[in-house]
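See the structures that follow.
Two complexes are shown next, each including chain A; its partner changes from chain B in the first to chain C in the second.
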Partner chain A sequence: MYDPTSRPGPTVLTVTGPAPGRTPGRGSGRATGGAPGRPRGLWSDAWHDLRRNPVFVVSALMIAFLVVISLWPGLITTHSPYDCDLADSQGGASPGHPFGFTTQGCDVYTRTVHGARASVAVGVCATVGTALLGAAVGGLAGFSGGWADAVLSRIGDVFFGIPVILGGLVLLSVVENGSLWSVVGLIVLLGWPQTARIARGAVITAKQNDYVLAARALGASGPRTLLRHIAPNAVAPVIVVATVSIGTCIALEATLSYIGVGLRPPTVSWGIDISEASDQVRNAPHMLLWPAGALSATVLAFIMLGDAVRDALDPRLRRGGRT
Partner chain B sequence: MGRYVVRRLLQMVPVFAGTTFLVFFMAHALGDPVAALFGDRAPDPATAARIRAELHLDEPLGTQYLLHMGGILTGDLGTAFNGRPVTELMAEAFPVTLRLTLVALVMETVVGIALGVAAGLRCGRRADTAVLAATLLLISVPTFVSGHLLQYLLGVEWNLVAPAVPTDASLTDLLLPGLVLALVSLAYVTRLTRASIAENVRTDHVRTAVAKGLPRRRVVTHHLLRNSLVPVVTFLGADLGVLMGGAVVTERIFNIHGVGFQLHQGVLRQNTPTVVGFVTVLVLVFLLANLLVDLLYAVLDPRIRHV
Partner chain C sequence: MTDGREPVLQVRNLVKHFPLTQGILFKRQVGAVRAVDGISFDLYQGETLGIVGESGCGKSTVAKLLMMLERATAGEVFYKGQDITKLSGRALKAVRRNIQMVFQDPYTSLNPRMTVGDIIGETFEIHPEVAPKGDRRRKVQELLDVVGLNPEYINRYPHQFSGGQRQRIGIARGLALNPEIIICDEPVSALDVSVQAQVINLMEKLQDEFDLSYVFIAHDLSIVRHISDRVGVMYLGKMVEIGSDEEIYDHPTHPYTQALLSAVPVPDPEAREGRERIILSGDVPSPANPPSGCRFRTRCWKAQDKCATEVPLLAVPERFKDTDSPVAHESACHFAEESATTARPGAARASATRG
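Let's turn to the complex of A and B:
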């Protein structure tokens, strides 16, 4: 979906020149850093900024690490998360078990590492689903206008009217299978209107550009105008929202699992482990602290990534506002 | 103004119907509330059929929904697992949760806007960066983590506050739970206010106000803040939904017997009428709050009134 090398822009009227929606002073002022003489498009400019942003580099490294251990947790663990011995119940740190043991005698370190998979999977899948559905509905609403817009927007309001945790209490307690997909489905079902609102706004703004009128005048069909001319210029805000929301989705999954309606054992999830540990805080705080720390660090990494991407794609919101 | 209010009210009607139907549909069409009542055991067919008829589950879905909505509007929400009417549970639970949400809302509004203004006016300086970094940290710690941590540190280790809250919790009892509930939203309010202030501080009308020689305080409160508050107020309206969900978590941590506690009990005991009833009422509160926010726009920004 995100290709930093592609140069979306008006394909009919402008052949070169800065992409629309850019602050003119900035694009030309920094162009010397890249290919000389050739102004960069929105994406390569954003990529150029991102690579120099320490927040992005740190968060990207953290996320790369997370993705690797969620794909191959065996790289840094030797035990199985289900390999538990009640004799070790709530035991403290010992050689080979740096984080101690849970009430069931499972190794906290192993479970913390294995817990990354559920969080990353839900975060990424829910975000992709929300972004695709929201962009499709919002894009259509903004492009069609009139009746279709009103109906689609009201449908969005209906789904927006149910807070995710409350909807989760109803839906997931009824579905009751504790699978990853039901959690993803819930977040997408109740989360898409937010993206749709943003996509709708972006499409309405892009629709008013001259090159869109020109494309229509030259006989481009509706779908072609939307996909080739409007979508590339309206996709940046959607990407920004999506990146920021990965962290939120991860926190949501953990919260739902913590309440007892999200993922269920035997799936290893930080939310479940924190929920189990929370009754034992007085006796064994380590059971709570490690998965909680891992969860917070993961959410932090994704929120930082979202911040960096927003700064790069939306120059108006730059830090300090001095552009 | 009048036309704006009427239009917003009319737009609310289909949303209101759709949302309540969605909640109802999720609970009734996707699962079997009767089987849920029996947990892991298979229900006796005759008993199941009787309960089915009692709950009108043998009627078509549309009729069921109308009966359900009729029940909500006439104050009959069915019976909870312990045989008490759900409305009775609500009468006990709502005041507590209302107080908790109020404490959280006041904290995030007052502290969030104050911090946001302070940071926004010092945009790009060290204080601003510190506030940004702190809010980033706050956002990434989920409510249930910060709740258990603060409870453990303040309540157990340092003995500063009572770790649990008495049954009829007063506002002062709810200070710590309210703070926990508010933390993430507080960080968002701060960031939003900061961004909004930083953007508006350069606008012409603020420059004019300063040039007129108005005291700085008046420029900030009357010219800058009022214009910067629209996105913040929008956020606060949407955030009420997050606070309600968060209340479920916070109430579990501090053992507060409010809406979240009842909801959690309903989920644990798989009692669909309790869960659907409470969620429906919460959703209605949420929708009404957002309507209020829309009307507040018109007060904050006169341009909206005339669209």
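Let's turn to the complex of A and C:
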């Protein structure tokens, strides 16, 4: 990895006067591990920090596990989530069925594992959609300013003002197909203004930097300024919010499924299972405990990941100064 | 020194008013901040014109107007006879090749997500006719060498450099297109004193090497004197006095210039005695509502009724017109006169004002 072309060598000074006091390559930044002077961008600096953050490592491992079982649930299950026998209805833990059975006599362990897929799919798709739409609208609003900004911001405010649960009850009961895409669509529709506000703020902050002015002074076009100078410096807060919001989206999917307008059976989802278990909580608490526990752990993992990413990307925490 | 030479840049009655608006949806203009209010000067080939003045007097707005980063409200800027304030698109881009800028803060003027090679090399992406594609990396390395940086640093990021080194990168970016004019907006005020000297020396060296013309904006009077051939003094959006560095520093005729120079600290305690400091009363008036007549009259000890009604023009005062003395330079004061008590700051280093 060591790059010989960037070895801190003697500064070639062609003007009179003493050489700059500070060692080239260290800048004014904090002392970093690894070879001094090795070129490292802010992204790789962030990655360098993340790898050493136990919160990140734990949450990343949890998420990796979750992603693997949602892609290949067969890896750790032997039964089918639809392989149910009413004779086992609400039965407790038994050999081969460690989490017990649902009212329908389905294996709770199998259903919990298979339920991860719906949650992860909704969480990731809704977040990607929200981030893309929000960043595009917010970035455009912040970059153009003026009346375009006013119009886009007001449109965002309209959607921002709709409570998600109310909007979900109304819109999803109209659609009434209970598909994954309708839930994703709803979350994106009602969730983008939050990302847009953050993206707009970040773009306005980045726009005021002298390097944007410098690019314009060189004759750079609007798209070039936006894509090469503003966007890379405004994307960090959007990424942080997106990471945290994966957890929120997963919880939201469960909530919508619980109140009966989100995903519907035969789809297997934690929200549906929690909904079914909730009226049997006294008879069979295990039916509620496992899917709810899985949901909480997943949401927690994504929020922890978001926190770690924010700490690594926030320049004010990073360098204690102007960067 | 400017005799017989053609000016490369002629600024005529340059005006920039920033509108003050009220209302949310239907904005109506309730006034204007007169940041720059009728400035004229010439810049000759190979010379350095210093512009001094306190914070908020419009120096940086002048820089942005010259760079076409702000559109002028009125007035013209002629580059070799062509009015650049009316240009746009391709024609403006062509003029930008000849007029470049060095920014004040080397910490915010370099994109932290780009390597030095990309920062300087972007110039060639925007103006591909300057350097063929395969040649660009070598050209960037040449530029780094010219500004006194190790060409091997091409893959580094700005945060890996010190302030002075960053400013050298900014200068290299300004030089990349091989311009004739470089507008320097307080290029050293964000740097340590020892580093200031290095950067100033570098800029002088580059001026000789490439026959550059500088417009050098600063609030540090002694640095301006060091680098400038001519100096213009600004107050509240107007140029109040302009002349060669000797004329301005040793024979100032405008009361504001005299007050400004008397504030320069003198390092020698003996020379300090017997020197009179002119302490101005009051604050700088708001540029949204400047005083009538002479803008300096509210703080001037010479002010009379004439000053409130008649705007003094920037011209060589009548009574000195035929003399050959250094007092005969342009000064916008009805009572322009060399003060007997004006201190001679010599090479003393000082800051006129800090915002």
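In this text, the second predicted complex is superposed on the first by the 277 of 323 C-alpha atoms of A that agree within 3 Å, B and C clash if a C-alpha of one lies under 4 Å from a C-alpha of the other, contacts with A are read in each partner's own complex, and residues count from 1 in each chain.
Keep in mind that, in the parts below, a contact is a pair of C-beta atoms (placed from the backbone, for glycine too) under 8 Å apart; a residue touches a chain by one contact, two chains touch by 3 or more.
Computed from a predicted model, the values in this text were never measured in an experiment.
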Request  = Could you tell me if A:Arg282 is touching chain B, chain C, both of them or neither one (first, second, both, neither)?
outcome  = first
Check: Who does A:Asp157 touch here: chain B (first), chain C (second), both, or neither?
Finding: first
Query = Touching A:Ala215, do we find chain B (first), chain C (second), both, or neither?
reply = second
Touched partner set for A:Phe143, first chain B, second chain C, both or neither:
neither
* Identify the partner contact of A:Arg228: answer first if only chain B is touched, second if only chain C is, both if each is, neither if none is. => second
Dual-contact residues of chain A (chain B, chain C) 319, 322
As the complex stands, chain A meets chain C at residues 3, 5-7, 9-18, 20-22, 24-29, 37, 39-42, 150, 209-211, 213-220, 224, 228-229, 232-233, 319, 322-323
Within the complex, chain A is touched by chain C residues 25, 64, 67, 69, 92-93, 96-97, 100-101, 103-105, 107-115, 119, 122-123, 126-127, 145-146, 148-165, 170, 173, 177, 194-195, 197-198, 201-202, 205
The residues of chain B that touch chain A in their complex are 11, 14-15, 18-19, 22-23, 26-27, 30-31, 33, 36, 123-124, 128, 132, 136-137, 139-145, 148-149, 151-152, 156, 195, 198-199, 202, 241-242, 244-246, 248-249, 252-253, 263-264, 267-268, 270, 272, 275-276, 279, 282-283, 286-287, 290
In their shared complex, chain B is touched by residues of chain A numbered 154-155, 157-159, 161-167, 169-171, 173-176, 247, 251, 254-255, 258-261, 274-275, 278, 281-282, 285, 288, 292, 295-297, 299-300, 303-304, 307, 316-317, 319-322
